[in-house]
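Read from first to last, the chains carry the letters A, B, C and D; within each, the first residue is number 1.
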Amino acid sequence: MTELARERIDPTTRIGKSELKNFVIAASGCYNRGAEFGRVTDVSAYGAITLKSVTLQPRLGNGMPRVLPAPAGLLNAIGLQGPGIEHFLAHDAPHLREVQTAVIASVAGFSVAEFAEVAARMDGLPNVVAIELDVSCPNVDREGECFAANPESTADVVRAVKARVRLPVIAKLTPNVTDVKPIARAAESAGADAISLINAVRGMAIDVARSQPWLANVSGGLTGPAIRPIAVLAVWEAAQAVRIPIIGMGGIETGRDALEFVLAGASAVAIGTANFRNPDVAALVADALVDAAAERGLTSVRALVGSANPSFAGERSH
Amino acid sequence: MTELARERIDPTTRIGKSELKNFVIAASGCYNRGAEFGRVTDVSAYGAITLKSVTLQPRLGNGMPRVLPAPAGLLNAIGLQGPGIEHFLAHDAPHLREVQTAVIASVAGFSVAEFAEVAARMDGLPNVVAIELDVSCPNVDREGECFAANPESTADVVRAVKARVRLPVIAKLTPNVTDVKPIARAAESAGADAISLINAVRGMAIDVARSQPWLANVSGGLTGPAIRPIAVLAVWEAAQAVRIPIIGMGGIETGRDALEFVLAGASAVAIGTANFRNPDVAALVADALVDAAAERGLTSVRALVGSANPSFAGERSH
Amino acid sequence: MITRRECVAPGFWCVGFRAPRIAGAVRAAQYVAIDQPGRFAVRLPLGIWTAEGDEITVLFREWGERTAQLAHSDIGTAVDLIGPLGNDFTIPARGARATIVAGGLGVVPFWLLGKRLLAADVQTRVVLGARTAALLVGAAELRALGLNVELCTDDGTAGTRGSVLDALDSEPPADIVYGCGPPNMLRALSKRCVAANMPCEISMEETFGCSMGTCWGCVVPVRRGAKQGSGYPKAHAESRDFDYSRVCFDGTVYAAADLVWSA
Amino acid sequence: MITRRECVAPGFWCVGFRAPRIAGAVRAAQYVAIDQPGRFAVRLPLGIWTAEGDEITVLFREWGERTAQLAHSDIGTAVDLIGPLGNDFTIPARGARATIVAGGLGVVPFWLLGKRLLAADVQTRVVLGARTAALLVGAAELRALGLNVELCTDDGTAGTRGSVLDALDSEPPADIVYGCGPPNMLRALSKRCVAANMPCEISMEETFGCSMGTCWGCVVPVRRGAKQGSGYPKAHAESRDFDYSRVCFDGTVYAAADLVWSA
């Protein structure tokens, strides 16, 4: 094993037919449209940024409080506050061409038809290279279980969206299930070009002073380092179940953390909460992945994918 | 609301027909037989200690490494190392009468018959006031899913054990399911006298230096403060689903943490991992619960149970 | 880097940082977002209390783990600060009369504001209230600036017995009122000023996630059309009509007339 | 309380604590379990390096978060220690000859042991090895006790080139051999001593959970029947026949003959 010069390592990855300049993606909901972060950091360090999920109708979102620090994590229940697709297309979409990296559009919906409708209208926007389906948002009160809790409803959403869009489609799965493998397989069979996981883990806190739930929404989603072991396992298991690329996320703060996901089988990683602590986290993680490849004498970061996972089902680069 | 003197607050609780002198229980697997902790702490501060789960056959357990520190938590995969019921009855059970508090026996098994057999032989041991069924241990490789992932198999185990024992039976549930409520209800319908939750959350870590899973068992169970929001939510939901008492646990380190569980609906709390940091945690938490009742002008800790949970299904003391 | 650390009252701390860029740029009601070693997933937002030379200070209570850790950090510890963040108060014309109303730690934005108002020749009255004397902090520092500070406590243990609002009745109305403090106080102050048609600016607080305007975790309801709102269209399903604004990014200062208290 | 803190080599630290009870009671190969502020769920186990007067020291590398935090804690910081924990080495009769074999930070138990052996008039030879010179620590302190220390490195950057085991060939066998260091070295040392029928005691290391014998997280395989084993009967389903022993509670010191390396 010879150590290769950093410049000779290929840092890129692929999500379906879209190539990203590096492995590191900003997770949905943590980067807005990139405009605010532009003040303190460089969006272009990211291989792609995922937009906050967009719904068909405008949504006010949940009441307050919406967030609470938790041990090594953050509890949130934003409730998909957003402008709705109409307003998004009119006011936000035109700014997408200014974003200094690739964009992944995220879609959330409350029926299969809504997903298909919003996704179709996102298809072909400037800079947008893929569409992620937030079938797993745990914060919004849906009739019955959320889509991603069930293989059939996950597949229904993916199938309906695939019929309407040309861009690669990413199904974003939830860890709040007994077994993530059948759901990942259902997404793949329905035509998903990639899956991403994990979305937030369901949790809550009680305000002991006022003897009531802390969050206005009662329960919320736990994110940050606390959930990393849960996320690594979900990626590990999904990587044994499907051949499509996986975007791994949940608690990544450092290159070492990201490497866990890549070795488990992730073809890209996403970072959410850690942006709040360290606005420069993307560059740090992207560089560390290149270094990890170099140290192992590999010519690409992609060659690391799945290399700790003997039952990795995806394609190996080496 | 008048503040009451601490001495006038009733600190006790009930699990089925058994009364415990306070709300605080040592969680299974974290206290052994109490003999080792005796060196550094006072077992009698606990309302009860739960024994490490006992199986029918002796078990060597998993290979090494078995543990890894995680952000605000601990990953473990012990694999139910243990002497088996025969050796336990001969060598450990006689020491139970020396334990300076009530004892909850824990049973793990790989078939319904095993659970029933081991539980029956635990019934009536000195100091033992209840039998907990570890139907949810996530570390042991079972054929297919673990019992607690499924309402029917949970109910099967509870029913079989109830037919053989006189002591109150506690079904210990796992958070690694899409919805804990039907499983809690199944345990209740099958005759469980109480439920306890949560057992460890499934997770894993990759050793990036050696490019392989850190734990010999690949995956393990995450415990400690990291999982507390997950645990509080599980207790909150179970407390709306069943009327039997709930023992809440997962990441409790302080009185405030314990109070979250009690207000959510727990009639007792258990502490595992926090014993490893603070051997005096039991007294601290038990005292804090009494203080919390006093500050609210209540005459018992029990009057706090479920008071933040409007849909609490259990019996309220007040 | 931490330059000083002082316990100003039981549980209340004043901590100084060497932060030349922030000290040079800061305006009243702005805050810093502090990253701390340890397993905290998000930064701690604290209002900037004083700024002199290369140094800023924060004045805070030991609330939970992050504030406790900061309170017990040694002088010389390196600290990662982002700031100054947030908008600031409107400064009226020379000769105008301003009233500052603060409850407890709501005093924090008013050292910088008081200094600024004095420099702008604004006649400034300061009313500082708290439940009880032990929770009153900051008065000495405001007086040292040359401000006239009236104290009041609910229990009469310091200053006049009664709320800061009672104190407002005692004098003729000001040209502008500034408020910061607990929600109940702010709501009452706000409603009173709006009813009296008196310009009033409020520095709001909410639990923060990102502190940077990206997570939408820190919102307060504002009147639809308020310039600090999201500008998103009304949600069809919502019966109540208001918009949300991010305190961290669009605030923390709001015109009382823009705030919606009933949402 | 932390009494001193010294970077003894890049990434290697020696930190002292005022701990009179532990300093008075400690024997070689014992350790302390350190609780640290911050979001750590379990204590950090570190071997006790020196003990003099009221003070003990630990000698460690910055491995991960807990050791990094300790390395950067200020003198005067209060630290919660449990200890001394674990068993200790056997001390041979006066006049016996002992060889100590340490790899890298495996030197830690041998300051206390060396001191004890000197006091017991045991002729003591110390062989200290590492991959490279930068990883060799502790030699000066052992020499200061009056011990004769031979160094070796795999790459020849300090002392003899070669492994600590090669060094063993150069002299007649001892009455007892003590070993501590990386697993590969310990396995080789252990096998060699067992084959040569030479008494050998090994201080083992595993990742710890509770540090108190209750979680069974830190086990090593030992021969069935070894007194440090669990004593549980053989599991029917298991084809391999060995028992597990808790390093934290039943160790850290094992007779080489009791250890099972192939499990």
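Rule of thumb we're sticking to: a contact is a pair of C-beta atoms (placed from the backbone, for glycine too) under 8 Å apart; a residue touches a chain by one contact, two chains touch by 3 or more.
Since we're looking at a predicted model, the values are computed, not measured.
Peer 1: Any chains in contact with both subunit A and subunit D?
Peer 2: Common contact partners of subunit A and subunit D, which must touch each of the two, are B, C.
Peer 1: Show which chains lie in contact with subunit C and also with subunit D.
Peer 2: Common neighbours, subunit C/subunit D: none found.
Peer 1: Whole-Å distance, subunit B centre to subunit D centre, using C-alpha means?
Peer 2: Distance between chain centres: 35 Å.
Peer 1: Suppose each chain is reduced to the average of its Cα coordinates; what separation in Å results between subunit B and subunit C?
Peer 2: 45
Peer 1: If you look at subunit C, which of its residues touch at least two other chains?
Peer 2: Residues 39-40 of subunit C touch two or more partner chains.
Peer 1: Which positions in subunit A are in touch with at least two other chains?
Peer 2: Residues 70-73, 224-226.
Peer 1: Chain contact graph: line, ring, star, complete or other?
Peer 2: ring
Peer 1: By the touch definition up top, name every chain pair that qualifies.
Peer 2: A-B, A-C, B-D, C-D
Peer 1: Once bound in the complex, which stretches of subunit D touch subunit B?
Peer 2: 35, 39-43, 64, 66, 82, 206-220, 230-238, 242-244, 249, 263
Peer 1: In the complex, go through subunit B and note every residue touching subunit A.
Peer 2: So the residues of subunit B touching subunit A come out as 70-73, 75, 145, 149, 176-179, 201-208, 211-213, 218-220, 222, 224-230, 232-233, 236, 251, 256, 259-260, 263-264, 292, 307-308.
Peer 1: For the complex, give me every residue of subunit D touching subunit C.
Peer 2: 37-40, 69, 74
Peer 1: Spell out the residues on subunit B that touch subunit D in their complex, using ranges where they run on.
Peer 2: 29-32, 36-37, 39-40, 52, 57-61, 63-74, 76, 78, 81-84, 86-87, 91, 223-226, 273-279
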